[in-house]
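Got a structure for you, questions after.
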Amino acid sequence: MGDILVWAIWILAAGACLGSGIAVVSFGNPFFSALALIGNLASLAVLFLLASAEFLAAAQVLVYAGAVMVMFLFVIAYLGGRADTPFEGGPTWVSAGAVVAATALLVEIVVVIGLKAGDALSQEADIERSFGSPAEIGRLFLTDHLLAFEITSIVLLVAAIGGVILGTKTRDEDELDRLGESA
Amino acid sequence: MTTALIALPLLGALLVWVLPFSGRISGILATFVALAEVALWAVIVARFDFGQNLQLEDRQSWFADLGVSYHVGFFGFSLWLAGLAVVVCAATIAYATWADRERARAYHGLLLFLTGSIVGVFAAQDLLVFYVFFEAMLIPLYVLIGVWGGERRALATLKFVIYTMAGSLLMLASIVAFGLSQGSFDLVDSGFSDNNWIFLGFLAAFAVKAPLFPFHGWLIDAYREAPSEVSAILSGVVSKAAVYGLFRITIAKFPEPVEDFQTPILILATIGLVYASLLAFRARDLRSVTAYSSMAQMGLIVLGLFSLNELGVNGAILQSVAHGLVSATLFLLAGMLETRTGTSTFARLGGMARGRPALATVLLVVGVIALAVPGSVAFAGEFLILAGIYDEGWWWAAIGAGAIVLAAMYILRLISAVLHRARGESVREEAHDLHWQELAIVVPLVAGLLFLSAWPASISERNFPTRNSEAGP
Amino acid sequence: MIDTPTVDWLALSPTLALLGAAGVALLAAVIGPEWFRRAFAGFVAFAGFVTAGVLAGVLLERSPGSERLLNESMTRDRWGALAAIVIAGAGALSVLVSWGEKRRDHSGEYYALLAAAGGGMVFFVGASNLMTLFLGLEWFSIALYIMCALDTHRATSLEAGLKYLIVGSFGSGILLFGSALVYGATGELGFASIAAAGANEDYLLLAGLAMIIAGLGFKVSAAPFHMWTPDVYQGAPTSVTAFMSAATKVAALVLAMRILTVAFPEQEHLWTVAIAVIAIVSLAVGNIAALVQRDLKRLLAYSSVSHAGFMLIAVAANSDLGGKALLYYLIPYSAMSVGSFAVVAARERELGVPVTLDNFGGFLWERPFLGASMWVFLLGFMGMPLTGGLIGKFYVFSAAYRAGWWWLVLAGVIATAISLYYYLRVALAMWTRPEPRLQPAIAGGSPPRDPLLVSAVFLSLVVTVGSFFFVGPLIDLAENAAASLPF
Amino acid sequence: MRGPDVSWYLIVSAILFSIGVLGVILRRSPLIVLLSLEIMLNAANLALISFARLHGDHDGQIFALAVMAVAASEVVVGLGLIVAVARRKLVLDVDRFRVLRG
Amino acid sequence: MTQGAWLCLLAPLGGAWAITVMGDSISRRTAAWISTISVFTAFAGALVSFVALLRKGAEERETMTTAWTWLSTGSFDVGLSLLIDPLSVTMMLIVSGVGGLIVLYSVGYMEGDPEERRYFAYMSFFVFSMLLLVQAGNFLILLVGWGLVGLASYLLIGFWHNRPEAVAAAKKAFIMNAFGDATMALAFFVLIWQTGTLEFAPAFAGAADLSSTALNLVALGLLGGAVAKSAQIPLHTWLPDAMEGPTPVSALIHAATMVTAGVYLIVRAHPIFELAPSIQDLAAGLGAITLLVAGFVALVQTDIKRVIAYSTMSQIGYMFLAVGLGAYSNGMFHLMTHAFFKALLFMAAGLVIHHLAGEQDIRKMGGVRRIMPRTYIAFLIGSLALVGIPPLSGFFSKDSILAAALASGGYGQVLFAFGLVGALLTGLYTFRLFFIVFRGEPSPLVEEHAHGHHGEGPWTMTVPVAVLTLLAVIGGWIQIAGLWHYFGDWLHDVAEPLVEPTVTQDYIASALAVGLGLAGMAIAWIFYAAPRRRPLPRLAAARDILEHKFYFDELYDAVFYKPAVWISAQGKRFVEDPLIGGSITGVTSGARRAGGALGEAQTGYLRTYALAIAGAVAVLIVVFVAVQ
């Protein structure tokens, strides 16, 4: 019974996840795409939860769907969410190629998984209750993966600097604007 | 000693580049360095024991893991080739000074650099060192043609670079293969190889450099567009690097492939000889004739080398020296003519013998030696070559002898077109004979040729110490 | 209570030095007075790179063996240390090149980012698990994305940044997915553990390996993952291009060799061939596409693609000779790369427009030193003597030949022959006798004097030529370094 | 309580990844391209987490967490760049960025 | 003795060298005298050698002297060595003696030419080369001399280099001789590989062991050289053209000395020829054919020097005939007397030409006897000697050849018949020339020049002519059939004759030859000098053939020159330009096109870049999985 429930939730979440993913790439308006991505992230969080990653599920919702996507929406709003016609423009072979390549990748990965599925993939490890709990994650972050943790912060710092630099207007740009106006 | 002979011009080049002298002064400085180089070479010759093989060795490990070392030294025959190089380079540097090229410091420095690297090629006893000098020799040539060349210098340089480098790179691949399979890149330590592909890689480089038919696509443009003194070095000396390589590497290290490929190589050399002679016979200007004749001569020299007997090889070395001096002098003379007439096209020349006895005499003497009139050093060389190749089949010698008749045809045509008949439209009425400074440059070369004509044995019996008929050091 | 792990500070010190420099520079850029920012930040970044180089040298001296730290987060060995020295050197030279860049804002931040990117690379070359690999990669990549787009007033700079960012993230996405698959196949992240896990026949592992090769190939700018390279190199500020072309390649190649040899020894028969094929494609594409370029930076970008091909030959050899060849090759290559872009930067600054073969004309005669140096760099790219380029190619070919891959040697030879054409076109343009009529006007009247740039070029020249004469010592270093990898 | 085994997760992950790839290659709005990139990273995360579950090993989860941070970083820089582009009054269409080519 | 030989050899070289180096610093006259003195010094040296040789016994008359090793490689070496034996001394005396007289003649002849210095340098150089040829102690040095005389000949034929005909003639002479040089060189290669040496005696000794093929090859190669140098058919066409040179040059090189070198060579190398009898017969046959052909062609020539040139060819044909039959001393004898009378004829003709301001066309001449009586006498004596009228020198030498032919069996008798016809022709063409030029009333041209000069020439010109006239008269007396044969004895040990005609054969030959020579003269008289001249027979076809010199020039043009030019042009058009020159441009443009295509692929759309990556990854995975 529990299994069926889990299955049901899983199918729902997976469906939502895929559906919203497709939505992200097919909406004309970035604003809607972003919203769809939030849905996508949320449904992913459910899947995470089902895969015993509680902390990550939480982080996904808080950090990702919360903070990052808010920023996204903010920028889209700032720029004015101009819609474009999806899947058009550029050389036509790009679209065809994209479909072929993406399908190929998909098929390959699925085949690879299928080849493996018989033996290894169903032999899930027995796990403790605390698997995926914040405490475990936190402990590892401060021991085994200390370096990764620190570097993650550095990456974020660098990105933050970048955001600032790129986001602010420089005097060179001002001059260019003035030239543009006078011309 | 050997290192000093290599390093002296290189240091001289640095000096010329760095010291902020005017063009003329830097030219004089370069000339002095070049003359000092000749003197140093003479000292080496005096000290050299022609009864021995490799001498005056310098050896220092360069990178040990692959067995590469800086190893230089001289054999009898390579010492002659080096002598040819230093003498011709000294003459060309002196001529460049006299001709007062623009951007003289760069120019003279490059010529000195070229001198040093050519000497290095003739001294190299390690494959990678050989390659280094072989390529280092090309670098200044690229610049000299590319910057100071004539109208179509860009095309000429591109052709020259791509051809020669394509050959050289195949050689690099061969060097890698040879050295790794032998465990040493040293020419003295390594053994023989019977790998045809490696052999062909080396052959490619030398066939382009010589050039052998049909790898001469670069030749005509380069010789025609380069400044005359650069063409002099190119045809006189640089092509001899191929001779050294063919002999010291391909013949000495690949006994079996040489046997296998002897006939095809001889065929190519013969075709080149006849083909170039025919083209020289119809070429329209002085430089083209000299260029094609140079190619024909290289065909002959290769014929001698690949006769694989003592006569042929000795003849090839002798002929290399002879041809080096001859074609260098011819190109220098072409330069001198061009400064007077602004052209080297036969149709616009003619009648220059009148009122220019020195020019006429020098051109005539050199031309006559070039066509290998019996008694000249070129004759001695060709005689030995053909005598050597005769052993491989009379037909080679017969075709070679026939090509010498063709040589007579095109050289006489050249002489007549420049000196004889009515005055050409580009030839000025007032006769400017050779200036004494020009004579001072050309006459020593001619004197060298006459000396060698009187005594070709001075070279031919000092190439190899042993008297056995087995070619190869 | 959590047991705090022992941290090997010396192993981290080069990274930390650069991070510290980045932090200090950033502070200065934010709070210092305006006149002070650029000078101070530049100096700090330079000092950071030099310190990092010195510390890496110490590390090199003191790391006889190969030591895995922090649960395989990183490895302390000579392989990484030597690469770190090269990166630090390239970074220091790039600082010198950057100095003359006329940028009114963000000049302090620029140096901070440069130091940060350098720190990322220095860290990256020591990474030894998939996570640190990915993080290190993103670290310096993000810094580079920003730096590429730094000239926001220039549309091409923005374009370069955007292209780099999107295509780069796409590449790292693939790398990440590949990492995930490898992790799935083995349950391990550490390189050595992956090999030890013994999932040799596992298709997941193979798919993951393919994706990791693609991701690293992207950073190496090997074809067909190279397509961003010309656009980004051309559009980015030239000093950034200089840094990227040298340091990124070092980092990516060194790490590629590390992960392939350490983590995938059992799949050798697959990845060596794959890398070899990629190398050949890179050689072909890079060289042939460069033939028709007129923009100098773009031309050099394609040339860097082809050199990636050369160095991948060394990787494909999968031998100590190959490792040695790779490390040796990187030294003169970095110098030549930085040096040549520095010369381009000098020309660009005096003209105020992108440098093409046309407006490069007569450069040798106007700026003899820079022109002659450029000629030397070009010779180095061609693999001519008196530059380390020749010895590098020699070693690469030797490695390939010893691995039994004579056809790689042949491919390298043919590629080099093709490359002559475009290198020589640059040289010919440079040699052109100046004709006043065709001469572009120099922006601002006279050529700006830029002693720092000149000294950077000079140092590059010294390395390029010196690496030819002192092959022995350098090869010894490289040999020791290569000994840290399990061939 | 056993749900679908890991291969199902992986298939979802693979599909999601392909969707992301499609999005990056097909869409012209840089914003949506950025979103597609996020999808790719999340697909990878899903794979990582399911493998972590498979192996009973936390490394995958931690990796995924780090990836989230990295993804956020990329978004920050990407958005900064897009803002800068917009400020220069350039059209927000990746196909319009082809001054550099050839 | 050796000192004499070296002096003989080097004196002219020194003269040439001095004139060249001193250049403008000496006057033109001084140069002329330096040259003259140097050649006479050589004559003195030759005399010294001659006397020294005479003092020795007949068997000891052979001395080698080597200055230094000229060319050597390990096992093979060749010295710069001279061989002094009766044969070479004979040639030395002829060359330096006649040469000295001709150079002296040139002093007057060339006076006023702006490039006199060059002329005399060349002349001295020629004498040096010729002496080197005849003194050479081995085949290679002989070839050196051989080539150098060719060079000197080239230089002197083309001396007036502003005349295109002269330049062309010079080139033609040189190239045909180069061909001969080449065949000789080939012969030497055989010798080197088969006998290991190029020294005369060892090579002859070694030749005895050779296969007949090899011997035939060697002999054929040598014959090729001889034929080219001596202007025998088929390599004869250069000689008439060589008359473009100054007349003394024709006298020296193209009559007295160089062109007879072929005869010398055959005598010198007779052991080889004797081992290859078919080739030796070929030499005799070629000589016979040449003497007829040249005699016929001489009949229609209108240039005074060309007539004499054809006559030279014809006379050398006699010599070839002789040495080809093994009558070496007879050939050499005729060589010597021919040197005297032919030089005399040329120099006398030179006096006429000089007097007539360079005019050489006999149709514009006539009655020269009136204004140049002494020249007339000299020319008459020369002509009679040439025809072989006793007791002039030509009689003895030519008749000894015919006698030898008569004594040489069936083949010899056929050639004998040729020789007799030749004798008739000789009388005819010689006196045709003589009558046209000297007899009759002075032509307008001659009238015009009748009073221009004092005397018939300066003493420098007339004295040599006088001396040669004397020699042409008495030169033959040293060997009179049936009485004495000093000349034959002198050369006997060097070249033992294969035939010894009996006295009877000698007399038969003499009678027939003299009779036919007189008949020829009579015919000439009938057509050209009789008071009532007979009109010339109209044999248009024959005339055409003769005026085109049997079409040899046209043939060579069509067979050698035109094909060479054609091949060269085609080679340039179809190989050099498109294949050799075009290959590299083709490759680069192809590569550039490929580069352009790659540039197209680099669309600038960043989406395509991502696509490339994705596609490559997909391929890579497939490959990996499939291979595994």
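Quick notes on this one:
Letters A, B, C, D and E mark the chains as written, and numbering starts fresh at 1 in each.
Here is the rule we go by: a contact is a pair of C-beta atoms (placed from the backbone, for glycine too) under 8 Å apart; a residue touches a chain by one contact, two chains touch by 3 or more.
This structure is a prediction, so every number in the text was calculated from the model and none was measured.
Think of each touching pair as a link: the shortest run of links from chain A to chain D has 1 of them. Shared contact partners of chain A and chain B, listed by label: C, E.
Farthest chain from chain E (centres taken as the mean of C-alpha atoms): A.
Two chains share more touching C-beta pairs than any other pair, namely A-D. Centroids of chain D and chain E (each the mean of its C-alpha atoms) stand 96 Å apart. Between chain B and chain D the centroid-to-centroid distance comes to 65 Å (mean Cα coordinates, whole Å).
Inter-chain spacing, taken between the CA centroids of chain C and chain D, is 26 Å.
For the pair chain A and chain C, the distance between mean C-alpha positions equals 30 Å. Residue positions of chain A touching 2 or more other chains: 90, 94, 97-98, 101-102, 105, 108-109, 111-113, 116, 120, 144-145, 148, 151-152, 155, 158-159, 162, 165-166, 169, 173. Within chain B, contacts with two or more other chains are made by residues 158, 162. In chain C, the residues that reach two or more other chains under the touch definition are 131, 135, 138, 142, 145-146, 149, 152-153, 161-163, 166, 170, 174, 181, 203, 206-207, 230-231, 292-293, 421. Here the touching chains pair up as A-C, A-D, A-E, B-C, B-E, C-D, C-E, D-E.
Interface residues of chain E facing chain A in the complex, by the touch rule stated above, are 603, 605, 607-608, 611, 614-615, 617-618, 621-622, 625. Contact residues on chain A toward chain E in their complex (touch as defined above): 90-91, 94, 97-98, 100-102, 104-105, 108-109, 111-112.
Put simply, chain C touches chain B in their complex at residues 324, 365, 368, 375, 379, 382-386, 390-391, 393-395, 397-398, 401-402, 406, 409-410, 412-414, 416-417, 420-421, 424-425, 427-428, 431, 433, 471-472, 475, 479. Here chain D touches chain A in the complex through residues 1-12, 14-23, 25-29, 31-32, 34-36, 38-39, 42, 45-46, 49-50, 52-59, 61-66, 68-77, 79-84, 86-88, 92-93, 95, going by the rule given at the top. Touching chain E in their complex are the following residues of chain C: 162-163, 166-167, 170-171, 174, 201, 203, 206-207, 209-211, 213-214, 217-218, 224-225, 227-228, 230-231, 269-270, 274, 285, 288-293, 418, 421.
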